[in-house]
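What follows is a set of structures to go through.
Shared between the two complexes below is chain A, which has chain B as its partner in the first and chain C in the second.
Right, the complex of A and B next:
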């Protein structure tokens, strides 16, 4: 009931005392665990179990739901590493990430700076406008954009009319551009939420900082580079991390916009997993799980890399 | 706000002219924002326009957004013939169920995590943080297999549990953060009146946490209304249980050239989220900004 957390020294004594208290505390705090019960059961079944089960499934040869699989060791992983379509999906996801995330984070920052300035009119209106696609359903956006991007649709027609394009083209149905069409639609859909992140970040910078820079005669660009940007670096890392993970969750949009095609040119890892597990004539659950496990490792590696990058950035600022 | 939004990029010059003394920089900013904003609003205008045209008209009239005569029949066709009435009800059931489940679950857990110290608290929080960014593509196979074994694969309950029972860490942490800041005296005085833990929580603490409940409801509503992969996998063999997002994509396969019906169906599916957003836009934006600050 009372917090014992706060008293730290002397650590060993406290730890020993706490251990003695265990049975007593568990009996006294029973109601706390009742409060936690729905979370423990739900979270255990729908988050922790899938997390661990994926690893087990990855070592099985398991066609379909009907029967359970048979253990085949690392065979799935060996096959995956030689599967050109897996690597194709893997690289498509990486390209998506590398192109789309900086675009979304950068464009949103530029917009946030404009919309954070006192002088800019209609700030609330523009913020609402850019946020609107965020609340919409990704799968439906994907379907609608197949029509918008059609060779006879408005995007192609207006590009031809303005001389940007020689003849009508469907960017979502061309193997050379389908992935980039997906990236463009993704940035369009999600820019608004990153914009809100940035606006929240910019509001943490006290107005006094801006005034001090003005008094020192710093121009807008110098102020941004020397004053604002260093203060934003921690936010940059967090926002980039959130958006990076988001860029790995693009199944709804890509499946409905391009379906991974044409000829796998825009197939990202999630579509590969879905196709292997649920859409193949013989569903291969074990094989798809192995791909999912590698996908999970990629996500974790990116999160760790960014945590390290964050520390590096901070130490750089500290020494500069 | 919305009325203005509908007019799109065409309004740029009058907007800019309305200022007392617009500096050149300001004009450039507004024009730039208006052009970009036009790109953001255009797909919605086009969609509404397409939903009122005939299918040949959609691609036959170039960039003209006005239909020759509004075809309201597109909406009745999508609603009754294609089955969007059913999809709508399914989505409503799944969304309400998920929101309730997430609110109750994360409020209960957030309360004890935020206000009490107990054995196992640290490992629990560590577990939450480790799994915070787990992608849905990673867990979908075991979740589908588990749901199948529970006999829930083609039911609303299966979808609701799949969406709301796991994950949702952000909601739990939001509640925990809020409850931590409430003064201790609240419980003590209630306790003196002889109230038990559960009475204190449901009568005193949960009502106090209504701003967080509003945030969690909004975020979960958005998530559940828009989610695609899980309902798709869970209803692969049961068309009657499709949600709007799933129904929309089946539409293409079954009636590939009924573009105007498709557009009408998309409008039907998007109206509930867009309407709620427009009514509660301040709350939406604050919810997300608040969540990221935490």
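Right, the complex of A and C next:
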């Protein structure tokens, strides 16, 4: 410690000065903090506290009807690791993520490019049209699509009429298709907001860059691949991140569309947690919290593994 | 930018309103803080405790009431609350009707935040034993606050269901003689298909034949029957009832105390549902429907028969009254053979309970006592929900003839089964300790009907073995850790007669 202080005396003095400055700044600008207070209280109460509380609850045996739980250590986590339905929900969530996010990001980009072209007619109309589902409540969309996707619905009937199906199908109520029906509806519902992100991103590219590419003889595809896309990469990262977070928040849609069924085929982790916490014969709050915590940890582990794998692949390509 | 910087006060002295006055910055800050404080002080919102509003309302007080009985909304307001409030001018009653799952969540959250309503139903709490909730001090006794022992329903009060440690906590406003697989039918479609609405199809095969005829002989896309399969709970109850008509005593064989989910009647019941589907006489969108969705489709004339509870017609009258006008009828629940078997129900539990946090227990008890009078039971019958506790009043109540017939059929078809919780108070501890097993009966039926599995016997056997093992584990835990005096014998009722009600005397003679 002494050595460090001797080495960096100016830094220590500066730190001390900052410490003294803090109460003075608080006294002088107190009203700023008063205005911040509602946000701090709201964020603390509705984000930080539930987050920390769920970690604590994960170590409790807490039947929902009791006012408090009993500390049982890591027993909930041990049970979860052996719970087939937890793993089923975990993989369903991962499949949802892996299929839905690229689909939403890719489709929205394609549409954004089309709607960003000067030659495209009725651009405003189409932008509004694609954005409309975004402002519709997820639960309502779920209910409406239950009707649209059932065996008597227009989707099934038109597929039968066109020869794509032999007999009517319940897309949202068939174990083989229910998860993918949920993905399709989710992509449809949220496509508009990703489209707006992409349109904003495309409009940051100066027109001169496109013109320069054209003068250099680049075709549409070459221009997109070598000029537009590299400039969009920073946006791609952000948009993918936003959509990934959104793909883990699909409770309202999936609960109303499929209820996680049939046979748990579309049960994503949020429905699993909800079912365990509120719909069990004896609601298990501790177990449900442990599921949420474990899912968070596993998702983080997957993300880190993916990032490391990506870095390793890039270094391999670089060295080759 | 220059003027703006000065106005916003980059330097405090620059924005000074006067030499000795406060700075503009301080003025804005102070005003904002004051407004914020005022807003926070005035913001009681949803967090306002019922008890605080009660105190503010004076000696009569405000009573908060939560339940899930949508068809009873008008009747409760007009025939229960309004007369009571008229006689007790200081009393206000605020009722909130919620869907069952929402009610369950709201109660759990309210309990933990000390914002429980004074009176509430326990629907939506996942079928937890009321005894477990009593032990956790959710409720307070009401037996000494009103004369329930002298009420017309006093014979229907059971230890372990309504009475705990000698104290009455609740009363059953509804009868136990009901089931939820009543074949309700659209009279217009039935007649169009040339089926006699007066003659109940006595057997499963007859019902199948009737449904097939309706599908074939009616115009347009009309199907014989609708079996909503999105909701596994509905399927579970339906198969329970069908298995009982095939001779099952229910999920437990009262002679041995063992679970019998893997017995032949359960297999037959599921196979019967599959046969309806194979015949293409079930509405093809059934798999996407919940129970209420199916009722709406039935009301729209898309299917002719819908097996559900007595409340079907009460709900129709609220949400789809035109379907009642068009014509609705009811049959006996069919059995596999012409020999009639019975459907079993345990004693009817209390629907409404008084929160231990309530300061309005006497008012709540008095209102609940009124629910047991003949006058109120007549009104309750008129709402055509579950049959009232005094089922005989239905004959003179202002109800649809089909509802009257439905309740009459219950007298023929339903018998009261034993309840292990009445026989041994330790049973609720076992039930509270037991964890859910999945796939359960409803999950299995859903899997079969949606084509995810065809191994009915195998799936039922796995479930039966798993739930039996879970009960044994739970018994071991409560015996060893909680000292409960309970074993498998608590589920044995050797003197059970399948043809008779298992009444209060039968428990004494076990």
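To be clear about the criterion, the second predicted complex is superposed on the first by the 279 of 320 C-alpha atoms of A that agree within 3 Å, B and C clash if a C-alpha of one lies under 4 Å from a C-alpha of the other, contacts with A are read in each partner's own complex, and residues count from 1 in each chain.
Definition applied: a residue touches a chain if its C-beta (ideal position, glycine included) is under 8 Å from a C-beta of that chain, and two chains touch if they have at least 3 such contacts.
Values in this document were obtained by computation on a predicted structure and should not be read as measured data.
In this overlay on chain A, chain B clashes with chain C. In the overlay built on the shared chain, the residue A:51 is in contact with chain B alone; chain C does not reach it. Looking at the shared chain after the overlay, A:295 reaches chain B, while chain C stays out of its contact range.
In the superposition on chain A, A:200 makes contact with chain B only, while chain C stays out of contact range.
Touch criterion met: A:278 reaches chain B and chain C at once. Residue contacts after overlaying the shared chain place A:121 against chain B, while chain C stays out of touching range. Counting residues of chain A touched by each partner, chain B versus chain C, the larger count belongs to B. Of the two partner chains placed around the shared chain by superposition, neither chain B nor chain C is touched by A:267. Applying the stated contact rule after C-alpha superposition, one finds that A:175 touches chain C and leaves chain B untouched.
By the touch criterion defined above, A:31 reaches both chain B and chain C.
In the superposition on chain A, contact of A:63 is made with chain C only, not with chain B.
31-32, 35, 38, 65, 146-147, 150, 152-153, 278 are the residues of chain A that lie in the contact sets of both chain B and chain C, per the superposition on chain A.
Residues 1, 4-5, 15, 19, 23, 26, 29-30, 32-33, 36-37, 39-44, 46-47, 50, 58-59, 62-63, 101, 104-106, 108-109, 111-112, 116-119, 124, 127, 131, 133-146, 148, 161-162, 164-167, 172, 197-198, 201, 222, 225-229, 233, 236, 244-246, 248-249, 251-252, 259, 262-263, 266, 269-270, 273-274, 276-278, 281, 284-285, 288-290, 292-293 of chain B are the ones touching chain A in the complex.
Residues 1-5, 22, 25-26, 29, 31-33, 35-36, 38-39, 41-43, 45-51, 53-54, 57, 65, 111, 114, 119-122, 124-133, 135-140, 142-148, 150, 152-154, 157-158, 161, 188, 191-193, 196-197, 199-200, 204, 238-239, 241-242, 245, 248-249, 251-252, 255-256, 269-270, 273-274, 277-278, 285, 288-289, 292-293, 295-296, 299, 303 of chain A touch chain B in their complex.
Those residues of chain C that touch chain A in the shared complex are 12, 25-26, 28-30, 32-33, 36, 101, 104-105, 108, 111-112, 125-128, 132-133, 136, 138, 221, 229-232, 283-285, 287-290, 293, 302, 431-436, 438-439, 443, 446-447, 449-453. Here chain A touches chain C in the complex through residues 28, 30-32, 34-35, 37-38, 63-67, 85, 146-147, 149-153, 168, 170, 172-175, 258-259, 261-265, 278-284, going by the rule given at the top.
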